[in-house]
Structure formats: structure tokens, C-alpha cells
């Protein structure tokens, strides 16, 4: 829908941060499998994960991690905390940080996942823009996170370009 | 995406409340067909409707009914008030009561209904979590309510389990 | 899902306003192609565009144009400002004006557009009800705007009827 003035950014130029949201991983009770899985998926596209943080399922901790990474990363992928459990608050934390939401990412991830499992309907993940950074919530399971990232990744470079004001109508 | 620690709850263990939102039914000008239709659908899954209330299309009346049923029910299904008429305010009342929204339910109901009628796009129904209760808005027509319930029912027992904190990552 | 008491309104009875949101068109640096494209699409359905305004990508300017047209139009179609660029704020302006959102319109436009281009996921367009007026955000590209209007137009007359309170359950 938009044409590019300066050429679309490539994945290798996109600095990605990953935020693992999990009480158990944060406390060291469980090895983090989601972070490495997302990192591998990003690297397969040619991108690099500049930073990976593990935080507990707390709105404040998640929001602070997102804000810390915003200045340094073009893209932040969270994994975990998007479900319906009492401790799942990643969407709420993300909404506190973004200025503008991008509803299409969550919609597309749920619609595509729904073809795989009826439980996908429960996922509450959101996406949005914080300054010049695109934030996307992915599910907590390594397989779900990688699948959902795959459903939306084709639009990420163009979105990053737009967010940085590098493209015009 | 999640595995169950204690076994998934079964429909017969889920206490369901039904809130019929309709000025005409509340005033007794019209027999309520939506409530019995939803009750029958729940019972066909093996569930039980512990409570059925009829309220007018008023934000306060709807919200109060939802709050009354929250402590007693695992699941509340509303029927009516999700359209675009001036009196349709069920989504607004539901948003006042839930702490966290579950956007996938409304998205899936609209997407699936859209294959049946283009008017499905007008439906504004939401779903969300209030304490330990799952609330889902269904349309007002008995057929539409039962159809939409069918589109999302497969995820309800798992969602109820998650909301009650009975499952973990 | 609803039956009509007085007969569904026809497109020729719907007064439509078009708001073109574009800094470049507003400053006269670029000819407006989106407005004429949307006007032509509305006229092909038998509708009439009573008013067309061009405003810059500013929340206040967009919101004021929407409010000006609300009293005069049954339907307002915006084109432009729904993307992820720093200046894209049409959804935010629309949310300031509408009392109740209609999430189905944006969902359907994105889902249908996604079959054409993966970039459709970035579109942030919303729709909603302001008084007796239906407002729908369309993308900025003439082709995208006409395509998206086509995806949702079948529900517009019924929605306009409902919003004006001309139909009942």
C-alpha cells in the first residue's frame, strides 16, 4: 500500500530485543526455552538479537524491561504472559509502553493459530509502537512463539521502516 | 500451548450464568427466547446453567448483573446488546467489569459468522476475565447466540482452568 | 441477526462524507487521489458524497473534521493516516470522536487484505459510532481504500439503519 523511498530495511539491519516473561524462568526454577527459540527464529531471517532479558510476570517489571530496550532496539519480541492465567499480564504491560497499538498482529496470530488449535482463541497478545520501536507479544511456549512469529514476520521489516519514518505514502 | 497439571475441567464442573440483555424481555413485552436457547446449548455440552437473569439495555443494570454472578459462576454468557443500535451497550458494561480482555473470542465469532452473513461485522461483542470468571458476550438472536457459542466453546473449559490458576506453563 | 421493521435504507438515502487525511494533500504538494477514488466507489453503490474535506495528519484537525461532518452525514469514510508512520494518527482521532467502537470493520478489512499483501497487518484502521453517524477508517492508497471499502460495504446500509434506531431486535 505504500512505496518505499529509500529501500526496505533488511533483517540484518534490524536490532532485536527479546523479553522472556516467566516467573519460573526468572527465579531460575526452569530453564528458559522460549528465549533461545525466538533468537534462533530471528537469526534464521538474518536478524540479530542484541539483548535478551528474563523478567517475572509483573506489569512493572515487564514495562521497565520494554522501556529499557526501546532506545536500543528496532524490534522487541516478548514471549510469555499472554494467556488467561492470573499472572498473565504481558499485554497490559505492553499497552502501558506503546503509544499506538497495531491490532493486526494479534488478530493475525490468533486467526492463523486457530487453524492449529482451538485454544489459540485464549491468547491475548498485542503489538504496538513505542517511539521508534515495534513491540510484538508472542506466546510463551517455544513452539507457539516461533509459529506466531512466522505468521507475522513478513510485515516486520516494512513496519520497522514506517515506524522510523523512512517511508512515505 | 499449555499442558495441564490437574486434568482439564469438564463442562459438568463448570457453573454457568446467563444474562439476557433486552429492554423488551425485561419489561415483559416479549418472551425471552435467547436465554432458553443458550441454556439448552450449554446443557448439550454437559454444563449447567446455575442462574439466568434478564436485564434492560442499561450499562449499570448489565454491569450489576455481571458482578452479582461473578462470585457464583465460572462462566457468564450474555445474549443481546452487542449490535449498533443506540441502546446496545453490553460490550461497554462488560468492559467495566472485566480486568483483562480476551479479544480472540469476539474476533473468532465475527470471523466465523461473516461466512454466514455480512452483517456479522456489526457485532461488537467482547470477552474477558473478571476475577475467576470468564465472561463472553453472545449476540441477541437465539440462532446467532447458539452459533457463536459453538464457534468458541471448544476453548472454554481450558480458559476456565487457566483463569482459576489450575494450569501452568 | 436482526429483522427490519421499516425496510433497509438504500445507498441513495445515505449521505456520505469523505475525510482525506494527508499532510501532502493538505499542503497542496500532491493531488488527492484517495478522495476521488472513494467518492467514485460510493457513487457506484448509488450513494452520494455530500462533503469532502482534506486535513493534515493531526489528531485535532482530523477529530474536528469528523465532528463537523457528524451532524450532516450518515456515514464518514476517512482515507489515510492508518499506518505505522510517526504522523499516522487517524485511528487515535477517530477514537476521540466515537462513543462506541465497531471492531469488526477493521478486523475484516485486515483479514481480507492479508490475502492480498502481508503488509495489511500493519493497518490500524478502526470504525465506530458517533451519535447517529458511522465512521470507518480506510487506508490511504486509492486502491487499498477502494478494496477495503468493498470488503465491508455490504454491511453499511444495515449498520446505518441500526445506528439511527430504525431497526429492532
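To keep things simple, chains are lettered A, B and C as they appear, and every chain counts its residues starting from 1.
Going forward, a contact is a pair of C-beta atoms (placed from the backbone, for glycine too) under 8 Å apart; a residue touches a chain by one contact, two chains touch by 3 or more.
Just so it is clear, the structure is predicted and the values come from calculations on it, not from any experiment.
Superposing the C-alpha atoms of chain B onto those of chain C requires a rotation of 120 degrees, given to the nearest 5.
Where the sister copies chain A and chain B meet, the same residue numbers recur on both sides for under half of the interface positions. Taking the mean of the C-alpha atoms as each chain's centre, chain A and chain B sit 30 Å apart.
Residue positions of chain C with contacts to 2 or more other chains are 107, 111. Across the complex, chain B meets chain C through its residues 22, 24, 80, 83-89, 91-92, 106-107, 110-111, 114, 117-124, 139-141, 143-144. For chain B in complex with chain A, the residues that touch the partner chain are 1-2, 100-105, 107-108, 111, 129, 134, 152, 154-155, 158-159, 162-163, 165, 167-169.
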